[in-house]
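Heads up, the next two complexes both have chain A, just with different partners, chain B and then chain C.
So, the complex of A and B:
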(Lines of atoms letter the chains of each structure in order from A and count residues from 1; the text may use other names and numbers.)
(Lines give C-alpha, C1' and ligand atoms only; values in the text may rest on other atoms or scores of the structure.)
Protein backbone atom coordinates (compact mmCIF):
# COMPACT_ATOMS: atom_id res chain seq x y z
CA UNK A 1 0.00 0.00 0.00
CA UNK A 2 1.29 3.49 -0.91
CA UNK A 3 1.68 6.37 1.47
CA UNK A 4 -1.48 8.09 2.60
CA UNK A 5 -1.93 11.85 2.68
CA UNK A 6 -4.48 13.99 4.49
CA UNK A 7 -6.32 16.61 2.45
CA UNK A 8 -8.55 19.43 3.65
CA UNK A 9 -11.30 20.07 1.11
CA UNK A 10 -13.65 23.05 0.82
CA UNK A 11 -16.66 23.59 -1.43
CA UNK A 12 -18.23 26.94 -2.25
CA UNK A 13 -21.44 28.29 -3.82
CA UNK A 14 -23.16 25.97 -6.32
CA UNK A 15 -20.46 23.32 -5.88
CA UNK A 16 -21.27 23.18 -2.16
CA UNK A 17 -24.96 22.79 -3.01
CA UNK A 18 -24.14 19.91 -5.34
CA UNK A 19 -21.85 18.18 -2.83
CA UNK A 20 -24.28 18.70 0.05
CA UNK A 21 -21.51 19.86 2.41
CA UNK A 22 -19.08 22.75 2.75
CA UNK A 23 -15.94 20.84 3.70
CA UNK A 24 -14.41 17.46 4.43
CA UNK A 25 -11.09 15.95 5.42
CA UNK A 26 -9.97 12.82 3.60
CA UNK A 27 -7.07 10.39 3.74
CA UNK A 28 -6.11 9.21 0.29
CA UNK A 29 -3.20 7.63 -1.60
CA UNK A 30 -0.44 9.95 -2.75
CA UNK A 31 0.26 10.78 -6.41
CA UNK A 32 -3.09 12.37 -7.04
CA UNK A 33 -3.77 15.43 -9.18
CA UNK A 34 -6.40 17.98 -8.24
CA UNK A 35 -8.54 16.81 -11.15
CA UNK A 36 -8.07 13.19 -10.08
CA UNK A 37 -9.34 14.14 -6.64
CA UNK A 38 -12.34 15.94 -8.16
CA UNK A 39 -13.18 12.86 -10.24
CA UNK A 40 -12.94 10.65 -7.16
CA UNK A 41 -15.18 12.94 -5.12
CA UNK A 42 -17.83 13.29 -7.84
CA UNK A 43 -17.85 9.70 -9.09
CA UNK A 44 -21.56 9.30 -8.45
CA UNK A 45 -22.64 12.76 -9.55
CA UNK A 46 -23.62 13.71 -13.03
CA UNK A 47 -22.71 17.31 -13.63
CA UNK A 48 -21.55 19.53 -16.45
CA UNK A 49 -20.67 22.28 -13.99
CA UNK A 50 -17.62 24.41 -14.64
CA UNK A 51 -15.32 24.13 -11.68
CA UNK A 52 -12.26 26.08 -10.61
CA UNK A 53 -9.52 24.57 -8.49
CA UNK A 54 -7.49 26.29 -5.78
CA UNK A 55 -4.80 24.74 -3.61
CA UNK A 56 -3.61 26.61 -0.52
CA UNK A 57 -5.39 29.76 -1.72
CA UNK A 58 -3.84 29.73 -5.24
CA UNK A 59 -5.57 28.87 -8.51
CA UNK A 60 -4.07 25.73 -10.07
CA UNK A 61 -4.55 23.82 -13.30
CA UNK A 62 -6.12 20.37 -13.39
CA UNK A 63 -2.77 18.54 -13.46
CA UNK A 64 -1.52 20.08 -10.22
CA UNK A 65 -0.10 17.35 -7.93
CA UNK A 66 -1.44 17.32 -4.39
CA UNK A 67 0.62 16.79 -1.26
CA UNK A 68 -0.04 15.92 2.37
CA UNK A 69 -1.78 18.73 4.26
CA UNK A 70 -3.01 20.68 1.23
CA UNK A 71 -6.19 22.73 1.44
CA UNK A 72 -8.11 22.22 -1.79
CA UNK A 73 -11.11 24.30 -2.82
CA UNK A 74 -13.63 23.57 -5.57
CA UNK A 75 -15.94 26.33 -6.74
CA UNK A 76 -17.74 27.75 -9.79
CA UNK A 77 -16.43 30.74 -11.77
CA UNK A 78 -16.44 33.78 -9.52
CA UNK A 79 -19.11 36.51 -9.63
CA UNK A 80 -17.98 39.28 -7.29
CA UNK A 81 -17.81 43.01 -7.87
CA UNK B 1 -3.13 49.87 0.87
CA UNK B 2 -6.48 48.91 2.28
CA UNK B 3 -8.20 45.59 1.57
CA UNK B 4 -11.33 44.88 3.55
CA UNK B 5 -14.17 42.39 3.43
CA UNK B 6 -17.22 43.81 5.17
CA UNK B 7 -20.22 41.84 6.40
CA UNK B 8 -22.59 44.73 7.05
CA UNK B 9 -23.81 47.80 5.19
CA UNK B 10 -21.16 50.52 4.99
CA UNK B 11 -20.71 54.08 3.75
CA UNK B 12 -18.05 53.88 1.00
CA UNK B 13 -17.63 57.66 0.76
CA UNK B 14 -16.96 58.07 4.46
CA UNK B 15 -14.50 55.16 4.30
CA UNK B 16 -12.63 56.94 1.49
CA UNK B 17 -12.41 60.24 3.33
CA UNK B 18 -11.23 58.49 6.50
CA UNK B 19 -8.57 56.49 4.66
CA UNK B 20 -7.18 59.44 2.73
CA UNK B 21 -7.01 61.57 5.87
CA UNK B 22 -5.73 58.95 8.33
CA UNK B 23 -3.56 56.63 6.23
CA UNK B 24 -2.47 58.79 3.32
CA UNK B 25 -2.20 61.92 5.53
CA UNK B 26 -3.69 63.80 2.58
CA UNK B 27 -0.38 63.18 0.79
CA UNK B 28 0.43 66.35 -1.23
CA UNK B 29 2.01 64.23 -4.02
CA UNK B 30 -1.50 63.03 -4.94
CA UNK B 31 -2.83 64.85 -7.96
CA UNK B 32 -5.52 62.35 -8.98
CA UNK B 33 -8.03 60.21 -7.13
CA UNK B 34 -10.11 57.73 -9.08
CA UNK B 35 -13.06 55.83 -7.60
CA UNK B 36 -15.31 53.04 -8.80
CA UNK B 37 -18.40 52.14 -6.79
CA UNK B 38 -20.50 49.09 -7.58
CA UNK B 39 -24.02 49.04 -6.14
CA UNK B 40 -26.76 46.43 -6.18
CA UNK B 41 -29.45 46.65 -8.90
CA UNK B 42 -33.03 45.52 -8.40
CA UNK B 43 -33.04 43.57 -11.69
CA UNK B 44 -30.86 41.04 -13.47
CA UNK B 45 -31.34 38.99 -16.64
CA UNK B 46 -34.91 40.16 -17.08
CA UNK B 47 -36.06 39.44 -13.52
CA UNK B 48 -36.62 41.56 -10.49
CA UNK B 49 -34.15 40.90 -7.71
CA UNK B 50 -35.33 41.41 -4.13
CA UNK B 51 -32.08 40.75 -2.30
CA UNK B 52 -28.76 39.00 -2.66
CA UNK B 53 -26.37 36.86 -0.65
CA UNK B 54 -22.67 37.34 -1.31
CA UNK B 55 -20.23 34.73 -0.11
CA UNK B 56 -16.46 34.50 -0.34
CA UNK B 57 -13.51 32.25 0.41
CA UNK B 58 -11.90 33.78 3.51
CA UNK B 59 -8.14 33.96 3.21
CA UNK B 60 -7.96 33.42 -0.54
CA UNK B 61 -10.07 36.52 -1.22
CA UNK B 62 -7.81 38.82 0.79
CA UNK B 63 -4.71 37.27 -0.78
CA UNK B 64 -5.95 37.84 -4.33
CA UNK B 65 -7.19 41.37 -3.67
CA UNK B 66 -3.82 42.24 -2.13
CA UNK B 67 -1.97 40.78 -5.14
CA UNK B 68 -4.27 42.61 -7.58
CA UNK B 69 -3.66 45.99 -5.90
CA UNK B 70 0.09 45.36 -5.60
CA UNK B 71 0.23 44.56 -9.33
CA UNK B 72 -1.61 47.80 -10.10
CA UNK B 73 0.77 49.80 -7.90
CA UNK B 74 3.71 48.40 -9.88
CA UNK B 75 2.18 48.52 -13.35
CA UNK B 76 0.45 51.91 -13.17
CA UNK B 77 2.82 53.53 -10.67
CA UNK B 78 -0.02 54.64 -8.44
CA UNK B 79 0.68 55.93 -4.94
CA UNK B 80 -1.86 53.68 -3.25
CA UNK B 81 -5.02 51.64 -3.73
CA UNK B 82 -8.07 50.58 -1.75
CA UNK B 83 -10.62 47.79 -2.20
CA UNK B 84 -13.59 47.25 0.12
CA UNK B 85 -16.09 44.53 -0.74
CA UNK B 86 -19.33 43.44 0.90
CA UNK B 87 -20.32 39.90 1.81
CA UNK B 88 -23.53 38.70 3.46
CA UNK B 89 -27.07 39.92 2.84
CA UNK B 90 -27.53 42.87 0.47
CA UNK B 91 -30.54 44.86 -0.68
CA UNK B 92 -30.94 46.93 -3.88
CA UNK B 93 -28.95 50.20 -3.76
CA UNK B 94 -26.49 48.80 -1.19
CA UNK B 95 -22.82 49.39 -2.03
CA UNK B 96 -21.12 46.13 -3.10
CA UNK B 97 -17.59 47.20 -3.86
CA UNK B 98 -15.50 50.33 -3.84
CA UNK B 99 -12.15 50.55 -5.61
CA UNK B 100 -10.05 53.69 -5.28
CA UNK B 101 -6.58 54.59 -6.47
CA UNK B 102 -4.41 57.63 -5.99
CA UNK B 103 -1.64 58.84 -8.29
CA UNK B 104 0.26 61.92 -9.36
CA UNK B 105 -1.53 62.20 -12.72
CA UNK B 106 -4.99 61.17 -13.88
CA UNK B 107 -4.16 58.50 -16.47
CA UNK B 108 -2.50 56.26 -13.91
CA UNK B 109 -5.40 56.42 -11.48
CA UNK B 110 -8.09 55.99 -14.15
CA UNK B 111 -6.31 52.97 -15.65
CA UNK B 112 -5.41 51.37 -12.33
CA UNK B 113 -8.95 51.58 -10.97
CA UNK B 114 -10.31 49.93 -14.12
CA UNK B 115 -7.61 47.23 -14.09
CA UNK B 116 -8.19 46.39 -10.42
CA UNK B 117 -11.94 46.08 -10.98
CA UNK B 118 -11.55 43.87 -14.07
CA UNK B 119 -9.11 41.55 -12.26
CA UNK B 120 -11.38 41.39 -9.22
CA UNK B 121 -14.28 40.26 -11.43
CA UNK B 122 -12.41 37.21 -12.74
CA UNK B 123 -10.03 36.30 -9.90
CA UNK B 124 -11.40 37.24 -6.48
CA UNK B 125 -13.40 34.32 -5.04
CA UNK B 126 -16.82 35.88 -4.41
CA UNK B 127 -20.17 34.40 -5.42
CA UNK B 128 -23.58 36.06 -5.67
CA UNK B 129 -26.90 34.35 -5.05
CA UNK B 130 -30.05 36.29 -5.94
CA UNK B 131 -33.50 36.10 -4.43
CA UNK B 132 -35.95 36.89 -7.25
CA UNK B 133 -39.01 36.43 -5.04
CA UNK B 134 -39.65 33.14 -6.87
CA UNK B 135 -36.58 31.47 -5.42
CA UNK B 136 -32.82 31.67 -5.19
CA UNK B 137 -30.37 31.37 -8.06
CA UNK B 138 -26.59 31.57 -8.33
CA UNK B 139 -25.44 34.38 -10.57
CA UNK B 140 -23.55 33.25 -13.66
CA UNK B 141 -20.45 35.14 -14.75
CA UNK B 142 -20.75 37.38 -17.82
CA UNK B 143 -20.07 35.41 -21.02
CA UNK B 144 -16.97 37.52 -21.67
CA UNK B 145 -15.29 36.30 -18.50
CA UNK B 146 -16.40 32.67 -18.47
CA UNK B 147 -13.18 31.16 -19.74
CA UNK B 148 -10.09 31.69 -17.67
CA UNK B 149 -6.97 29.61 -17.51
CA UNK B 150 -8.00 27.94 -14.31
CA UNK B 151 -11.58 27.16 -15.30
CA UNK B 152 -11.91 23.52 -16.03
CA UNK B 153 -14.64 21.99 -18.09
CA UNK B 154 -15.92 18.89 -16.32
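So, the complex of A and C:
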Protein backbone atom coordinates (compact mmCIF):
# COMPACT_ATOMS: atom_id res chain seq x y z
CA UNK A 1 0.00 0.00 0.00
CA UNK A 2 1.29 3.43 -1.00
CA UNK A 3 1.13 6.64 0.92
CA UNK A 4 -2.25 7.94 2.05
CA UNK A 5 -3.57 11.36 1.06
CA UNK A 6 -6.41 13.41 2.48
CA UNK A 7 -9.01 14.72 0.00
CA UNK A 8 -11.82 17.21 0.57
CA UNK A 9 -14.80 16.28 -1.59
CA UNK A 10 -17.83 18.39 -2.53
CA UNK A 11 -20.94 17.16 -4.34
CA UNK A 12 -23.03 19.62 -6.31
CA UNK A 13 -26.65 19.69 -7.59
CA UNK A 14 -27.92 16.30 -8.85
CA UNK A 15 -24.61 14.67 -7.87
CA UNK A 16 -25.34 15.79 -4.30
CA UNK A 17 -28.80 14.18 -4.51
CA UNK A 18 -27.31 10.92 -5.75
CA UNK A 19 -24.60 10.82 -3.10
CA UNK A 20 -27.01 11.84 -0.34
CA UNK A 21 -24.52 14.34 1.10
CA UNK A 22 -22.91 17.62 0.14
CA UNK A 23 -19.33 16.84 1.18
CA UNK A 24 -16.94 14.42 2.81
CA UNK A 25 -13.28 14.15 3.73
CA UNK A 26 -11.52 10.91 2.89
CA UNK A 27 -8.08 9.34 3.29
CA UNK A 28 -7.15 7.31 0.25
CA UNK A 29 -4.14 5.84 -1.55
CA UNK A 30 -2.06 8.19 -3.64
CA UNK A 31 -1.70 7.84 -7.43
CA UNK A 32 -5.36 8.37 -8.13
CA UNK A 33 -6.94 10.32 -11.00
CA UNK A 34 -10.06 12.37 -10.42
CA UNK A 35 -12.10 9.88 -12.46
CA UNK A 36 -10.54 7.02 -10.50
CA UNK A 37 -11.71 8.73 -7.33
CA UNK A 38 -15.24 9.07 -8.77
CA UNK A 39 -15.27 5.35 -9.66
CA UNK A 40 -14.13 4.47 -6.17
CA UNK A 41 -16.75 6.68 -4.51
CA UNK A 42 -19.61 5.36 -6.67
CA UNK A 43 -18.55 1.71 -6.78
CA UNK A 44 -21.69 0.49 -5.03
CA UNK A 45 -24.15 2.91 -6.61
CA UNK A 46 -24.34 1.30 -10.07
CA UNK A 47 -24.87 4.78 -11.50
CA UNK A 48 -24.01 5.89 -15.01
CA UNK A 49 -24.49 9.55 -14.10
CA UNK A 50 -22.37 11.88 -16.22
CA UNK A 51 -20.15 14.02 -14.06
CA UNK A 52 -17.65 16.85 -14.39
CA UNK A 53 -14.73 17.66 -12.14
CA UNK A 54 -13.15 20.71 -10.54
CA UNK A 55 -10.02 20.48 -8.42
CA UNK A 56 -9.22 23.45 -6.18
CA UNK A 57 -11.92 25.51 -7.96
CA UNK A 58 -10.55 24.82 -11.45
CA UNK A 59 -12.18 22.63 -14.10
CA UNK A 60 -10.08 19.55 -14.93
CA UNK A 61 -10.34 16.56 -17.25
CA UNK A 62 -10.91 13.02 -15.99
CA UNK A 63 -7.22 12.05 -16.08
CA UNK A 64 -6.15 14.80 -13.67
CA UNK A 65 -3.88 13.34 -10.95
CA UNK A 66 -4.86 14.17 -7.39
CA UNK A 67 -2.53 15.14 -4.59
CA UNK A 68 -2.73 15.38 -0.80
CA UNK A 69 -5.01 18.20 0.37
CA UNK A 70 -6.89 18.70 -2.91
CA UNK A 71 -10.49 19.87 -2.85
CA UNK A 72 -12.51 18.03 -5.50
CA UNK A 73 -15.97 19.15 -6.66
CA UNK A 74 -18.18 16.79 -8.64
CA UNK A 75 -20.96 18.44 -10.64
CA UNK A 76 -23.29 17.44 -13.48
CA UNK A 77 -23.13 18.66 -17.09
CA UNK A 78 -26.11 20.84 -18.07
CA UNK A 79 -27.20 21.64 -21.64
CA UNK A 80 -30.94 22.30 -21.30
CA UNK A 81 -32.64 25.61 -21.69
CA UNK B 1 -39.87 63.74 -29.48
CA UNK B 2 -37.95 66.24 -27.35
CA UNK B 3 -34.27 65.47 -27.11
CA UNK B 4 -31.95 66.58 -24.32
CA UNK B 5 -28.31 67.20 -25.03
CA UNK B 6 -26.19 66.49 -21.99
CA UNK B 7 -22.44 66.56 -22.55
CA UNK B 8 -23.13 65.97 -26.23
CA UNK B 9 -25.22 62.88 -25.49
CA UNK B 10 -28.64 62.64 -27.06
CA UNK B 11 -31.35 61.01 -25.01
CA UNK B 12 -35.05 61.81 -25.34
CA UNK B 13 -37.18 62.91 -22.36
CA UNK B 14 -39.12 59.68 -22.60
CA UNK B 15 -35.96 57.65 -22.36
CA UNK B 16 -34.56 59.77 -19.50
CA UNK B 17 -37.58 58.58 -17.53
CA UNK B 18 -37.64 55.04 -18.90
CA UNK B 19 -33.97 54.44 -18.05
CA UNK B 20 -33.92 56.62 -14.92
CA UNK B 21 -32.89 53.81 -12.54
CA UNK B 22 -30.01 52.84 -14.85
CA UNK B 23 -28.93 56.47 -15.22
CA UNK B 24 -28.73 56.67 -11.43
CA UNK B 25 -26.20 53.83 -11.36
CA UNK B 26 -22.62 55.15 -11.55
CA UNK B 27 -21.68 52.07 -13.61
CA UNK B 28 -24.21 52.89 -16.33
CA UNK B 29 -25.17 56.59 -16.17
CA UNK B 30 -26.19 58.57 -19.28
CA UNK B 31 -23.11 57.44 -21.18
CA UNK B 32 -24.04 53.80 -20.61
CA UNK B 33 -27.54 54.40 -21.95
CA UNK B 34 -26.08 55.88 -25.11
CA UNK B 35 -23.55 53.04 -25.45
CA UNK B 36 -26.36 50.46 -25.18
CA UNK B 37 -28.32 52.29 -27.87
CA UNK B 38 -25.38 51.61 -30.23
CA UNK B 39 -25.12 47.92 -29.34
CA UNK B 40 -26.54 44.79 -30.90
CA UNK B 41 -27.01 41.42 -29.19
CA UNK B 42 -28.16 38.17 -30.80
CA UNK B 43 -30.15 35.78 -28.62
CA UNK B 44 -30.28 32.23 -29.96
CA UNK B 45 -33.17 30.27 -28.46
CA UNK B 46 -36.39 31.80 -27.14
CA UNK B 47 -37.32 29.22 -24.52
CA UNK B 48 -36.99 29.36 -20.75
CA UNK B 49 -33.65 31.20 -20.89
CA UNK B 50 -34.25 33.32 -23.99
CA UNK B 51 -37.46 34.88 -22.61
CA UNK B 52 -35.98 36.64 -19.56
CA UNK B 53 -32.77 37.43 -21.47
CA UNK B 54 -34.61 39.18 -24.30
CA UNK B 55 -36.96 40.92 -21.89
CA UNK B 56 -34.16 42.44 -19.78
CA UNK B 57 -32.11 43.46 -22.81
CA UNK B 58 -35.14 45.19 -24.31
CA UNK B 59 -36.11 46.97 -21.08
CA UNK B 60 -32.47 48.07 -20.71
CA UNK B 61 -32.59 49.96 -24.02
CA UNK B 62 -30.34 47.97 -26.30
CA UNK B 63 -30.17 49.43 -29.83
CA UNK B 64 -30.66 46.20 -31.75
CA UNK B 65 -31.61 42.69 -30.72
CA UNK B 66 -31.71 39.66 -33.00
CA UNK B 67 -33.94 36.76 -31.97
CA UNK B 68 -33.50 33.32 -33.51
CA UNK B 69 -35.76 30.34 -32.80
CA UNK B 70 -37.46 27.66 -34.90
CA UNK B 71 -40.07 26.55 -32.40
CA UNK B 72 -43.77 27.16 -31.74
CA UNK B 73 -45.32 28.12 -28.39
CA UNK B 74 -46.85 25.11 -26.61
CA UNK B 75 -48.91 24.85 -23.43
CA UNK B 76 -46.04 23.18 -21.61
CA UNK B 77 -43.86 26.26 -22.25
CA UNK B 78 -46.07 28.70 -20.36
CA UNK B 79 -44.90 27.57 -16.90
CA UNK B 80 -41.51 29.25 -17.42
CA UNK B 81 -41.34 30.99 -20.82
CA UNK B 82 -42.56 34.30 -19.53
CA UNK B 83 -42.87 36.25 -22.80
CA UNK B 84 -45.76 34.10 -23.96
CA UNK B 85 -49.42 34.14 -22.94
CA UNK B 86 -52.15 31.54 -23.41
CA UNK B 87 -53.32 32.97 -26.72
CA UNK B 88 -49.79 32.60 -28.16
CA UNK B 89 -50.09 28.80 -28.17
CA UNK B 90 -49.45 27.56 -31.70
CA UNK B 91 -47.65 30.76 -32.77
CA UNK B 92 -44.00 31.00 -33.76
CA UNK B 93 -41.96 31.91 -30.68
CA UNK B 94 -39.91 34.43 -32.68
CA UNK B 95 -43.09 36.26 -33.75
CA UNK B 96 -44.82 36.09 -30.37
CA UNK B 97 -41.65 37.34 -28.65
CA UNK B 98 -41.26 40.12 -31.23
CA UNK B 99 -44.81 41.31 -30.55
CA UNK B 100 -44.49 41.23 -26.75
CA UNK B 101 -41.03 42.85 -26.70
CA UNK B 102 -42.15 45.62 -29.09
CA UNK B 103 -44.99 46.41 -26.69
CA UNK B 104 -42.61 46.46 -23.73
CA UNK B 105 -40.19 48.87 -25.43
CA UNK B 106 -41.01 50.26 -28.87
CA UNK B 107 -37.61 52.00 -29.11
CA UNK B 108 -35.67 48.82 -29.87
CA UNK B 109 -34.88 47.48 -33.34
CA UNK B 110 -35.91 43.86 -33.04
CA UNK B 111 -34.90 41.44 -35.79
CA UNK B 112 -36.67 38.09 -35.55
CA UNK B 113 -35.84 34.95 -37.46
CA UNK B 114 -38.04 31.87 -37.43
CA UNK B 115 -35.33 29.36 -38.27
CA UNK B 116 -33.06 26.77 -36.76
CA UNK B 117 -29.50 27.90 -36.04
CA UNK B 118 -27.27 25.90 -38.39
CA UNK B 119 -23.85 25.99 -40.08
CA UNK B 120 -25.40 28.48 -42.54
CA UNK B 121 -26.71 30.88 -39.92
CA UNK B 122 -23.59 32.93 -39.29
CA UNK B 123 -24.88 35.82 -41.43
CA UNK B 124 -27.75 36.25 -38.92
CA UNK B 125 -25.33 37.11 -36.11
CA UNK B 126 -22.35 38.67 -37.84
CA UNK B 127 -23.46 42.24 -37.15
CA UNK B 128 -24.07 41.56 -33.43
CA UNK B 129 -21.56 42.74 -30.81
CA UNK B 130 -22.26 39.78 -28.53
CA UNK B 131 -24.03 36.43 -28.79
CA UNK B 132 -26.14 34.78 -26.10
CA UNK B 133 -26.59 31.02 -26.21
CA UNK B 134 -30.03 30.21 -24.79
CA UNK B 135 -30.49 26.94 -26.68
CA UNK B 136 -31.31 23.55 -25.23
CA UNK B 137 -28.91 21.05 -26.74
CA UNK B 138 -25.19 20.31 -26.97
CA UNK B 139 -25.07 20.13 -30.76
CA UNK B 140 -26.38 23.68 -31.28
CA UNK B 141 -24.30 25.02 -28.37
CA UNK B 142 -21.18 23.53 -29.90
CA UNK B 143 -22.05 25.03 -33.30
CA UNK B 144 -22.66 28.49 -31.77
CA UNK B 145 -19.26 28.23 -30.09
CA UNK B 146 -17.58 27.36 -33.38
CA UNK B 147 -19.27 30.17 -35.32
CA UNK B 148 -18.62 32.81 -32.63
CA UNK B 149 -14.95 31.78 -32.66
CA UNK B 150 -14.75 32.31 -36.42
CA UNK B 151 -16.67 35.62 -36.22
CA UNK B 152 -14.70 36.66 -33.09
CA UNK B 153 -17.72 37.47 -30.92
CA UNK B 154 -18.01 37.18 -27.13
CA UNK B 155 -20.38 34.38 -26.11
CA UNK B 156 -22.54 34.22 -22.98
CA UNK B 157 -23.64 30.63 -22.38
CA UNK B 158 -26.36 29.54 -19.98
CA UNK B 159 -27.99 26.18 -19.34
CA UNK B 160 -30.68 24.92 -16.98
CA UNK B 161 -32.31 21.64 -15.99
CA UNK B 162 -34.33 20.48 -12.98
CA UNK B 163 -33.17 22.91 -10.26
CA UNK B 164 -29.59 23.34 -11.44
CA UNK B 165 -27.94 25.57 -13.99
CA UNK B 166 -24.69 26.94 -15.35
CA UNK B 167 -23.50 30.25 -16.81
CA UNK B 168 -20.15 31.01 -18.46
CA UNK B 169 -18.65 33.79 -20.57
CA UNK B 170 -16.38 32.72 -23.42
CA UNK B 171 -14.32 35.54 -24.89
CA UNK B 172 -14.30 34.06 -28.38
CA UNK B 173 -13.49 37.59 -29.59
CA UNK B 174 -10.05 37.44 -27.95
CA UNK B 175 -7.07 35.20 -28.64
CA UNK B 176 -5.92 32.33 -26.41
CA UNK B 177 -9.05 32.11 -24.30
CA UNK B 178 -10.88 28.88 -23.38
CA UNK B 179 -13.97 28.11 -25.48
CA UNK B 180 -17.16 26.12 -24.82
CA UNK B 181 -15.57 22.98 -26.23
CA UNK B 182 -12.63 23.26 -23.81
CA UNK B 183 -15.30 22.58 -21.18
CA UNK B 184 -17.78 20.38 -23.02
CA UNK B 185 -16.65 17.92 -25.63
CA UNK B 186 -18.67 15.11 -27.19
CA UNK B 187 -21.63 15.20 -24.84
CA UNK B 188 -24.64 13.05 -25.54
CA UNK B 189 -27.75 15.20 -25.16
CA UNK B 190 -30.01 12.44 -23.85
CA UNK B 191 -28.13 12.70 -20.59
CA UNK B 192 -28.55 16.41 -20.10
CA UNK B 193 -31.34 18.00 -22.14
CA UNK B 194 -34.72 18.97 -20.75
CA UNK B 195 -37.06 17.02 -23.02
CA UNK B 196 -37.88 14.33 -20.51
CA UNK B 197 -36.90 16.12 -17.33
CA UNK B 198 -38.56 18.72 -15.17
CA UNK B 199 -37.45 22.34 -14.88
CA UNK B 200 -38.27 24.62 -11.96
CA UNK B 201 -40.06 27.69 -13.37
CA UNK B 202 -37.90 30.26 -11.63
CA UNK B 203 -34.62 28.46 -12.48
CA UNK B 204 -34.67 29.64 -16.10
CA UNK B 205 -35.45 33.13 -14.80
CA UNK B 206 -32.39 33.04 -12.53
CA UNK B 207 -30.02 31.67 -15.17
CA UNK B 208 -31.39 33.87 -18.00
CA UNK B 209 -31.19 36.96 -15.81
CA UNK B 210 -27.55 36.23 -14.98
CA UNK B 211 -26.83 35.81 -18.72
CA UNK B 212 -28.46 39.17 -19.48
CA UNK B 213 -26.46 40.75 -16.64
CA UNK B 214 -23.17 39.35 -17.98
CA UNK B 215 -24.01 40.68 -21.46
CA UNK B 216 -24.70 44.18 -20.13
CA UNK B 217 -21.46 44.15 -18.09
CA UNK B 218 -19.40 43.09 -21.10
CA UNK B 219 -20.92 45.75 -23.37
CA UNK B 220 -20.66 48.49 -20.72
CA UNK B 221 -17.27 47.34 -19.37
CA UNK B 222 -18.03 47.42 -15.66
CA UNK B 223 -17.55 45.06 -12.75
CA UNK B 224 -16.13 41.58 -13.13
CA UNK B 225 -17.66 39.04 -15.47
CA UNK B 226 -17.77 35.24 -15.61
CA UNK B 227 -15.06 35.40 -18.30
CA UNK B 228 -13.41 31.95 -18.48
CA UNK B 229 -15.37 30.90 -15.41
CA UNK B 230 -18.27 28.53 -14.96
CA UNK B 231 -20.93 29.52 -12.44
CA UNK B 232 -22.70 26.51 -10.97
CA UNK B 233 -26.16 27.21 -9.59
CA UNK B 234 -28.11 24.77 -7.44
CA UNK B 235 -31.43 26.30 -6.43
CA UNK B 236 -32.61 23.22 -4.55
CA UNK B 237 -29.93 23.73 -1.92
CA UNK B 238 -29.36 27.47 -2.51
CA UNK B 239 -25.77 26.67 -3.41
CA UNK B 240 -23.53 28.62 -5.81
CA UNK B 241 -19.95 27.98 -6.90
CA UNK B 242 -17.51 29.38 -9.46
CA UNK B 243 -15.05 27.11 -11.27
CA UNK B 244 -12.22 28.48 -13.43
CA UNK B 245 -11.96 27.22 -17.01
CA UNK B 246 -8.53 26.90 -18.62
CA UNK B 247 -7.85 26.73 -22.33
CA UNK B 248 -7.50 23.09 -23.33
CA UNK B 249 -4.34 22.87 -25.46
CA UNK B 250 -5.86 19.75 -27.08
CA UNK B 251 -9.28 21.35 -27.77
CA UNK B 252 -10.34 20.19 -31.23
CA UNK B 253 -12.28 23.42 -31.83
CA UNK B 254 -10.05 26.29 -30.67
CA UNK B 255 -6.49 24.93 -30.59
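Please note the rule applied: the second predicted complex is superposed on the first by the 77 of 81 C-alpha atoms of A that agree within 3 Å, B and C clash if a C-alpha of one lies under 4 Å from a C-alpha of the other, contacts with A are read in each partner's own complex, and residues count from 1 in each chain.
Just so we're on the same page, a residue touches a chain if its C-beta (ideal position, glycine included) is under 8 Å from a C-beta of that chain, and two chains touch if they have at least 3 such contacts.
The shown structure was predicted, so the numbers you read here are calculated from the model rather than taken from an experiment.
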item: Which of chain B and chain C A:9 touches, first, second, both or neither; value: neither
item: Touching partner for A:22 - first (chain B), second (chain C), both, neither; value: second
item: More chain A residues in contact [chain B versus chain C]; value: B
item: Which of chain B and chain C A:54 touches, first, second, both or neither; value: both
item: Partner chain in contact with A:72 - chain B first, chain C second, else both or neither; value: neither
item: Partner chain in contact with A:81 - chain B first, chain C second, else both or neither; value: both
item: First, second, both or neither for A:38, with chain B first and chain C second; value: first
item: Set of chain A residues, in rising order, touched by both chain B and chain C; value: 10, 12-14, 17, 50, 54, 57-59, 61, 73, 75-81
item: Chain A to chain B touching residues, read off their complex; value: 10, 12-14, 17, 35, 38, 42, 47-54, 57-62, 73, 75-81
item: Touch list for chain B against partner chain A, complex; value: 38, 54-57, 59-60, 63, 85, 96-97, 117, 120-129, 138-141, 145-146, 148-154
item: Chain C-facing residues of chain A, complex; value: 10, 12-14, 16-17, 22, 50, 54, 57-59, 61, 73, 75-81
item: Interface residues, chain C side, partner chain A - complex; value: 45, 47-50, 134-138, 141, 158-166, 183-184, 187, 189, 191-194, 197, 199, 204, 230, 232, 234, 236-237, 239, 241-246, 248
